[in-house]
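A, B, C and D label the chains in the order they appear, each numbered from 1.
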Amino acid sequence: MSAQTYGRAYTLMREAAGEAWGDYTRHAFVEGLRDGSLPREAFLHYLRQDYVFLIHFSRAWALAVVKSETHAEMLGAVATVNALVAEEMQLHVGICEAAGIPQDELFATPERAENLAYTRYVLEAGYSGDLLDLLAALAPCVMGYGEIGARLGAEKTSDTYADWINTYAGEGYQGDCAAVGQLLDGALERRLGKDFETSPRFAALCDKFRKATELEVNFWQMGMTP
Amino acid sequence: MSAQTYGRAYTLMREAAGEAWGDYTRHAFVEGLRDGSLPREAFLHYLRQDYVFLIHFSRAWALAVVKSETHAEMLGAVATVNALVAEEMQLHVGICEAAGIPQDELFATPERAENLAYTRYVLEAGYSGDLLDLLAALAPCVMGYGEIGARLGAEKTSDTYADWINTYAGEGYQGDCAAVGQLLDGALERRLGKDFETSPRFAALCDKFRKATELEVNFWQMGMTP
Amino acid sequence: MSAQTYGRAYTLMREAAGEAWGDYTRHAFVEGLRDGSLPREAFLHYLRQDYVFLIHFSRAWALAVVKSETHAEMLGAVATVNALVAEEMQLHVGICEAAGIPQDELFATPERAENLAYTRYVLEAGYSGDLLDLLAALAPCVMGYGEIGARLGAEKTSDTYADWINTYAGEGYQGDCAAVGQLLDGALERRLGKDFETSPRFAALCDKFRKATELEVNFWQMGMTP
Amino acid sequence: MSAQTYGRAYTLMREAAGEAWGDYTRHAFVEGLRDGSLPREAFLHYLRQDYVFLIHFSRAWALAVVKSETHAEMLGAVATVNALVAEEMQLHVGICEAAGIPQDELFATPERAENLAYTRYVLEAGYSGDLLDLLAALAPCVMGYGEIGARLGAEKTSDTYADWINTYAGEGYQGDCAAVGQLLDGALERRLGKDFETSPRFAALCDKFRKATELEVNFWQMGMTP
């Protein structure tokens, strides 16, 4: 699975994020999923926080619909909202229920500061900027999970967290990442031209991508401290 | 078809809108749909403007997802976005194509000022206020069409515009109106209590509903002047 | 008074607006101010609507503070908010009072649809886009009045509306226009580079400028029909 | 200095914040300002972060202008924007310069996650909600500093941080707090009625106030770890 497949802008932004990208995609939490050494308690704690995360992340993707300028952009963003609200959130409900965490308790999860920081950063970037600012802040989560899933699908040494890994390694999620990559490339070309990376705007977007990546690192870190 | 079926808030807001409500739901354009006397040219002109309207109206409903506070509110708003983007906009594409207006031409329809005024009013009300402000501005279009459709389904004297009438008179659309009515009632009760109509806030929401109703009147009027 | 003095972006956008710019800055209402033939009733009606306009226009300039990325951008936008809220709105209160329209009546002016269309368009452009989208939609009002004021200051053949003309022809207002022109040029260079007009983004901004110009035309037209 | 003087809503919200309020206003950082034991390095680190904080906090107050519904609300919010942008930010520039931190370095301060979390939370609450949501999230900073300043003005046992203390203990800042308290009370009464605390809405606003208070605690904590 090459990062290239998620599009040109993604590849450039990921590079510009420097060490933060590795800190995120190869975090100790991720390695614990790979070799099964992550304590179950940490995983369930993470899942509950991630459920709260997905609520606000879905709201941010809905904001991408609001900020779209073409029918194609709207359809791309709507598809992601549907995938998040109808599928991914439901997945978390299922795993948590199977682990003995009832829906009521899941819904009532108190939001940790590291969690809040991330989603409010993304939402505010989107509200204050245009679709490009929003997509740049949304991309690290979508594609980072795709990259982590693909790698762990190939490198995992334990089946303890196979369900989680398979979700993000699977064709469905990988296809979502490719689609978001196209949405991002298309939105950039439409607004800044084919050579969008030469615009000063692109450097500012890379900053948003890197900041969101750093907030992902904090999120994994939080996952390890239930 | 009683207005009651779209919920309590709708019934109160409709009453508070006074004469504007009748000016909207019994506009000459509507009566022309009922008895088939509306010139085809006016109808197609209206349809094209309505397509542009639906783009921005869908964006406004996506904003309702962003502004939701509960999972139920999110699901209700997402369902409407899907119905608009995936179905209603497609319906317009189909009718226009059948009438010899190709998609490219439809997409390139220049937006009339009466059209722009309405959608920007709704979007701005939503951005500047909370979910209640947004829903109050969205309601007249959704439910007004439901009420018009139901009446015309029973009273039409011509089949010239039967397709249009049946769409809004049909169970599907009537169900959408009932769902939006529940969403509105629920959002009000959650924020202002069971007796929400006693809050000063409710009067301000009725003002937004009435203003949007007046902008609907202007939209029909525009429809009659291609 | 050359348009050049309000900056490079303004000159380009004004050109791109084509005939709409002349329709706005040489509207019959404007010519009526120049030669004093505008009926007093129309002028007072316009002033009252313009007061309502300024409320929402000030809100839009406050949104420019929110959307600023540098301290200089913030200071520029804050200065304009202050000029609008503390000075220009107060000027209208004064002229209206002198004309026998008490503050209470002024504040209660019902907003006409042509008025609402304009401010909501600007606000929504700002909310949905970034600072550039907002400034492009704000510019026609600020600089158009500057251009009209400067021309009428030189060409007026009657002193009936000299107070109004002198306000916009005066050094203070002309300086505000130059400052906004610098703010716009600076914001564009920062985001799109020195040759910002070669970015696809610039064409989209010119569309917003032209649309706002057309809404100005409708506003003058409304002024003539109390 | 009684909390009562900042208004009724503030008193109720402060009470509803429970222990978080004391954690914030009597944090070790605050006590270190009182008795002069706070290391200079921590203070300067805090000042630099607070400068970045004030940029976004000013943007949030500008958003309060956008979300205002009356001229009085607009004037109240504009006054606060001016106080922040023109005065408080300038104060930080001065103290930092006197401490050998040049403006360029101050402006380039990298934003810590605890800092970002707070301002983005406030801005997002404001964007997604109405003026009440925004004011509830803004209040803990404004009034908490007022309360801390007033107490430290009376209880300080060292003059090491007298400049800082006197700023917030002084009549000017205390007057600002009283004005914001009136703005909050007025906005609540206008929207929810005289007995606003009986509305379900008020409980949600208290949650926002408490969350912002918790983020203030994290901000002090960050201040102690340069």
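Just a few scattered comments:
Just so we're on the same page, a contact is a pair of C-beta atoms (placed from the backbone, for glycine too) under 8 Å apart; a residue touches a chain by one contact, two chains touch by 3 or more.
This structure is a prediction, so every number in the text was calculated from the model and none was measured.
Among the remaining chains, those touching subunit B and also subunit C are A, D. The chain with its Cα centre farthest from the Cα centre of subunit D is B. Counting the residue numbers used at the interface between subunit C and subunit D, over half appear in both copies, so the two copies meet with largely the same residues. Annotation: 42 Å between the Cα-based centres of subunit A and subunit C.
Centres computed as Cα averages put subunit A at a distance of 34 Å from subunit B.
Along subunit C, residues 59, 66, 123, 127-128 each make contact with two or more other chains.
Viewed as a contact network, the protein chains are fully connected, with every chain touching every other. Residues 55, 58-60, 62-63, 65-66, 68, 71, 74-75, 77-78, 81-82, 85-86, 89, 107, 123 of subunit B are the ones that touch subunit A when the two sit in their complex. Of all residues in subunit D, those touching subunit B in their complex are 66-67, 69, 127-130, 133, 190-193, 198-201, 204.
Listed in rising order, the residues of subunit C touching subunit B in the complex are 59, 113-114, 116-117, 120-121, 123-124, 127-128, 211, 214-215, 218.
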